[in-house]
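Below are structures written as structure tokens.
Okay, so subunit A shows up in both of these, paired with subunit B first and subunit C after.
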Partner chain A sequence: MLDNTPKKDLKYVGKDVERIDVVEKLTGQALYTADLEFAGMLHGKVLRSPHAKARIKKIDVSKAKKLVGVHAVLTGNDLDYRVGLYLVDKYILARDTIRHFGEAVAAVAAETPAIAQQALDLIEIEYEVLTPFLDPKQVFDKKAPLVHPDLGSYSYVEAVFTPVPGTNIANHTKLRKGNVEKGFKEADYVIEREYTNPNVQHVPMETHIAVGKWDTGDRITIHTSAQSPFTVRNLFAHSFKIPHCNIRVITPYLGGGFGGKAGIHLEPLCCCLSKLSGGRPVRIQATREEEFSLLPCRSGLIYNIKTGVKKNGKIVAQKMTMYWDAGAYADYAVNVTRASGFSASGPYEIENAWVDAYTVYTNKPFGTAYRGFGHVEFSWGMERHMNYVADTLGIDPLEFRKINALRPGSKTMTGEEVVTNTGSVTKCMDAVAKSINYGKLTAAELAREKKTGMKIGKSVVALQKAPAMPPFTGTVMILKLNEDGSVTGSHSLTDYGMGTYTSLAQMIADVLRWPIERIRLPIENDTDRDPYDWQTVASKGLLLSGNAAILAAKDLLDKCYDVAAQALRAQKCDLDHDAEKVFVRHHPKSHVTYKQMAVGYAYPNGNAICGPIIGIGRYIAQGLTNLDKETGQGNPALDWTFGAHGLIVEVCEKTGAFNIIKVASAYDIGQVINEGSVRGQAIGGMIQGLGTAMCEGYIYNDKGQLLNPSFTDNKIPTSLDIPEEIDCIAIETPQIDGPFGARGVGEHSMIAVCGALGNAIEKATGAVLTHMPIRQENVWKALQSRSGKKATAKATKPAKAVKAEKPAKSVKAEKPAKATKPAGRAKK
Partner chain B sequence: MKITLTVNGKKYQRDASETKNLLHFLREDLGLTGTKEGCGAGECGACTVIMNGKTVNSCLILAVEADGTDIKTIEGEAKNGKLSKLQVAFKKNHAVQCGFCTPGMIMSTRALLEANPKPTVEQIKQAIEGNFCRCTGYQQIIEAVQDASGQLKKKEGLKRA
Partner chain C sequence: MLQNFSYQAPETLKDLYALLKKSNGKATILAGGTDLLVNMHNNWISPESLIDIKKIPDLKGITFNPKTGLSIGATTVCIDLINNKDVKKHYPLLAEAAHNIGSPQLRNRATIAGNLCTASPCADMGCSLLALGASVELGSADGVRVIPLKDFFTGPKKTQIKKHEVLLRIIVPVEMAGAKFGMRKLKRIKGHDIAVASVAMARTAKVMRIGVGSAAPTPVVTADLAASTTLEKAVAAAEKVICPIDDVRAGAEYRRFMVKEFVGQIYPELF
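Let's look at the complex of A and B:
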């Protein structure tokens, strides 16, 4: 919905506007779930499994139940309910079988946290420890132990997912475009390599927390740190077979989410404990340690890419195989598999494409949505691979990307045609390349190398993502006109930090032509009070809720015009409005103010008309389809946001230590709504991506026990880890159906920056990295496996990785020596 | 144990359990919920308060250890309903996203500016090194502190190609 308002008339859209929720956050007055007190509230705690896979032989809670101050003790035996987003596979507490380290086995509610802890200590459990299934690549091993022997009996969303009973495959997403075998035959080179990512934790600063109250008559009230209150309500209703209207979910201020709070987590357990405690509210606040294994993480990925390419740099065929390490439950991982499957090539046109993406159950903490929804993980592999292929061909990696970039007329992997207004990935790449002086080292950089003895390398990577959502994703905005001519909004997109509410307020203000101070969008959401929104995920909020906001503002005005037309005895077509009133255009003194009509317009004699005014805007994604299960073809994308990162790194060849000198990022976001928020998303996500790239990641022992569930051993970036220089660039190719032409950018900043780091390190030193994260020791090890220096790095790579499937070996052999010269190292 | 302490200029006297940390004491006994708990292990800095002029992780201090001290929390930063210059700079420079690290971040940068009214970028980074922020990537927080100390030449911005 590209609004026709001329840009010069926009007072807020496109400007730098302060956040509408900032004062309460700066004063400590914003109330998060943990800040709420409820009369009679009990404290819940969870007993977690120390084993990755085990059978519960015996569980004795009698001593815990007898402890004074304990109101409820639950084990899996008490709760025969399964929950699940797309595949209903998870008991609220483990029954009989433990499927991952940290899984909830029992729970208690007591008058204080200390008593609750004491009660947990009194629970006696006997486990029979079993052999866990830990390596997703063993998924086709017929002897592999099954994580879910009952997979065939689970209900799931059949239109979209394909579980394979009798295996550990929770979902198999296929994509078949063109003729991949024919493409490989036409290729001059076929180049294959594998890339891996570990599990990663989201680390919102606020840990998961919920307070549940289950009253007599099955009336449920939940206060929770969830991103998507209506999803919590819906899944709760399905699991317990309770009417939706009996369940009220309230989300106060949220301290970050990043996808980790998108589904349903602690809420059912709180409510079951509450029910057993006679309806007293029960609160469970996850500890930081519990965030790592009781609650979900990001799935690991093993990504195999086989590319067929012509000498001129055109990719003619690509076979992509993804093994998603989903952990013990399917949660969002099946959909991550689907969504990353259909864009697994990155923002490049692949005429003949073949994807097999497997969601593999393993005995590990389970994966869920995480900012980027699979794209951070596969882009690590894909962007490393693009450089590998380019180096092998002897084409500059940026040039190689541009040769293959999606452009107007290209078809995406699902067969959707790219048009001009889809946006331009090439413009993004050019912008960041310019910003980092790509392709050469400046005099200052050469001097810096000389001074530090470190090697500087540069890289440019590209990215893309569309929202991963059902084709029928919709939302509503309601604007209620207040007595003084201000409005209060009601909707259920949540704002867990992104600033979307401020952007929505800016749009509403510009449509109404009112000062933004007269628009209030309360941050708290309440499913009893606010209208439906599917979820707050996928970078779809700005587009869908933005359109709903514009429609609601227009509807509000339309209703005001109705009142004014009647009161002023004018036709609506002759009316206009400003910040205070609706007036007759050719006779402006004839007017009705918003104040006069807010709760019903009254004539001087007391006669009244029309009643209180509200505006309603409903919006739903248009023209999207489910993907064909056999071919993966269809139209899944609300919008594509393209982007690129340029990165400069310096690396010490002796120790593997590295510093990131600069990151430049550009996104084609259609239209900037709020400059400060765009920059905030751009930098915040990029640093989160560098966290994934540099240091974060789960480490297990061979029994599947997690060894680093804390900030001591699983660091996230601090202020000392950020690049010396950061550049953020917005490209604005308007999205035709975007609000004022805008599209989302919440997740994109995190995508592909990992690959940029790996590529720049390789440019600088020849160290070849295929596993994330890139810790200093990984760089050091990779440096050791260079058998000489630059030249050998070039020589060993192709020998190992280029598979001479068909074309003459000699062609390939003579190429690389000349070809793979790292472009960033070329001296002037 | 009976303890007496001053928080944001106001004197409080309470019976404090020997096992309760200062963070929970502030939140539960004094109702000052502005100070947040992010890890409970002294790693993330969300619970930072100023004790006798120095920043501490209030999750690592026992309430009884705070007996007789002078404490400043986020609730004491704005005066008479008006944001401090530091808060205004955070507001102006988009230094807040989810807001959960913000109280601790304000406390750390408040203590920095009191000790060093014109900190360099490197000094700002060091002062907030113990305060994790997962949303902002720190850059706009650093700019806000530069702004509050009158050192931000021109507002850093988004480039629009």
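Let's look at the complex of A and C:
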């Protein structure tokens, strides 16, 4: 909600306030799950499949069980429990069938990690290796082997998802807006191309880790590095049919997640091993290698975009087909498909839109949420495609984006109307264009080209994302007044590095008008202690929890006023407050301090009133709907955060080597709450996006085995790989229902920056790239197929449309490309 | 898999030779361990015993002699080479090559000799030492023999070291002191990475040599070329000794292209 405190009275909101968890993190005092020791704790380890698809013919654990120091050995035969977020399709340990390389086949718990490892080595397995299904585009091949023959018997969230039994389709999201066929007929050009992304690993600093304890009477305690303690509890309760109140999930300090820790992962296995060990706590800590295939990754995507466009640059129709490579289990991928499906056009208005988004099961490590939730992947294709279409029309790509940008009065793909306070993607584009001197090379840049012999190219891309969440997502903040007039908060949004807790503390301090030092928000969360929150994902935390925090602070003050009104014999309307007390506005000496009322106000004779004070704020998303399953129409968006990147690259035309000179990023975040946190999110996500763009990605052999399951051959950017210059810009169009007008920006910095790199490289050299990542070798290859003609770094608007000349040549590029005029006209 | 192995750390060459003879090929030499321990961790190898050579004084240190050239003891780590005054003065190519290895942590630990004995095609020291015409001295109870480095590598992860032998030191000939040089390494990121292709070139008044990494089953080197060799011929000579493959790091075609490109980039620096 847009608080009515005048900006000049805000002491913390909008300022560069120091992070509230900075001291314990910098001094090493913050305790992460791996730091915790429990009496009698055992160490669990997991045996992984070397095959992508296999039948387990025989599994013999007898030798492992006999090893001294081993307390529990489990195989799939022992655990008839399935887990799943939206589609319950995964056994805790593979039963009979192996569905991906790295899948958990057996697990042991032993007194030391070394004994556990030894026990794993003693397990004998006989596999019958089967032909894996690896290419999601073969999903309509009736002869394709099925990853889940029993798909029809799985339970799933029926209001939202559409699995197709008898196929490898875990979900089919449809969106139908306007009349696409009619739109294509009206178009002057119809331009189609396909774009691809591999699986990518999140690489949080802290790998997955959990400690589970299963006590007599089915009482469960789990300490885990998870983003969403209540989701762990809920899914655990459903899988094992245990009452929620019997399960306690505690999340200590978290060392990053990026979506990879949003669901439930190692927790059930730890608890099952604990149960078999007579209730001793069992810890499993994933190795870095296990992060790559035992734990989930980001889904791959093949994205086909067919755009109908008028000569004047207006897109009139767009057909979008997404093949999401979900891997062996649906996990979050079905929802990534849904959320990307309704957002697939990027921040552009498409009058007539058609989306078919398929979540395809394959025999690969499975996909889950990853910062951007599908938007990084599809924006790569969409932002490359926008340039392709603009080049075909002979319109400057930035101009082309502005022509089609969502603006007040536009309808999003789901039919939601954009209003002034939705934010402005055009302002973001203008800001970054200015920052990188878009459209020309400066004298310094020309001199640099001359000196290095490299070509400089610039690009501007745009992005948008709304939280992908159920329409009924809600949260609670409880503020407990302490004896000394300080306050301790209780809630279940986790802070795994974003800095949201500091932002919440700033808001609470400004509503209460107290110094921030008197606001404590403990970083650890505990489902037994703290109230419900759905999950910490989707860039929804600041908005929903921010509103809850404001409401809780107001409720706390209201209760303080109640006490003061009674104690001072005053009407509440005559009261005011400051940092120390509530007082009568026209007789300030007549007051009650927070200290006096914190645990119940007592009169001099000992009579007492009211009891200890707590403030409660509950907030739930307003006015959202499920999407119609046939048309995709509805209102899914809590808020849209728009943004843009401007990127300058220099490319060696001979070798394909490139250096990123500058990235400027702008986001319309409504209101900056904490400058440092915004900057951190903006830079961190942008670099993570560049990692995806430049070097990361899984490589498999034809048997579905991962060939680069570690940092040796799965490189991530280092400090040497960051752009030479970085500019971050905040645009502030207030969100009416956002706290102090703010919106989330956790994921957005990662979106579309890949397309910006691809577009800038093409601008500099004419190299056409349609696959991520863009390795130096890929640029070189694309340069080889340039067919002699290349774009120049001059960004002046071409005087005439180049017709379909360029696309026709692009056919020779890596991926198939089509550019045809509508029926009746000759193809060029 | 957890491995059982015995560990011994002899303090004299005599003891080392005796141990090697006794173990009859079942022991593996441990120096820096930056490859060995990773290989053991991944179960790619499982030696019965490890013989740590770091306590043997004879294997330590770098010396330069104006008559015989540079001697690099087997336990010399990268950072020692980088910081050595004689190396900086006479063989700066080696300092640059050593700096290309891994990260600071690895350079503090990894030995130059180990980099050669691992015999990976992408060994960063391989192509530079080859370009400098280095030899290796191998010792055993039977005596000492010196072989040219270009004959040392026999295949991926394979060398001429016999089962009872140990690499004692690397010798870089004095004729190459003060050679003009240049080096390039193709990586996938700007941070530390394994060489996807690498080229080192050295030239004196008499000779030019091109060492190439990650473009053949072993690090390879051209024949001794005349100091006045043209660029075209230098490129052809490099192309002749390589036979790159496709793998997850790069395609053969690109490796071949980059080797030629690197030769072209370094060539002008040699004159």
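Couple of notes before you dig in:
To be clear about the criterion, the second predicted complex is superposed on the first by the 789 of 828 C-alpha atoms of A that agree within 3 Å, B and C clash if a C-alpha of one lies under 4 Å from a C-alpha of the other, contacts with A are read in each partner's own complex, and residues count from 1 in each chain.
Here is the rule we use: a residue touches a chain if its C-beta (ideal position, glycine included) is under 8 Å from a C-beta of that chain, and two chains touch if they have at least 3 such contacts.
Given the structure is predicted, the values throughout are model-derived calculations rather than measurements.
Touch criterion not met for A:609: it reaches neither subunit B nor subunit C. Once the two complexes are laid over each other on the shared chain, residue contacts for A:146 go to neither subunit B nor subunit C. Contacts of A:675 after superposition: subunit B is touched, whereas subunit C is not reached.
In the superposed model, A:683 makes contact with subunit B only, not with subunit C. When subunit B and subunit C are set side by side, the one touching more residues of subunit A is B.
In the superposition on chain A, contact of A:726 is made with subunit B only, not with subunit C. In the superposition on chain A, contact is made by A:712 with both subunit B and subunit C.
Legend: residue contacts after superposition of the two complexes on their common chain; A:30 is shown touching subunit B, with no touch to subunit C. When the shared chain is aligned, subunit B comes close enough to touch A:498, but subunit C does not.
Judged by the document's definition of touching, subunit A residues 114, 712, 716-720 lie at the interface with subunit B and also at the interface with subunit C. Across the interface of their complex, subunit C is touched by residues 114, 117-118, 121, 654-655, 694-695, 699, 707-708, 712-713, 715-721, 775-777, 780-781 of subunit A.
Residues of subunit B that touch subunit A in their complex: 19, 27, 32-41, 43-44, 46, 73-75, 77-78, 83, 87, 90-94, 96-103, 106, 124-126, 128-142, 155-161.
Chain contact summary for the complex, subunit A toward subunit B: residues 16, 18-19, 21-32, 34-35, 114, 202-207, 253-256, 258, 287-288, 427, 431, 496-499, 666, 672, 675-680, 682-688, 710-712, 716-720, 722, 726-732.
Of all residues in subunit C, only 1-2, 186, 188-194, 248-251, 254, 257-258, 261 touch subunit A in the complex they form.
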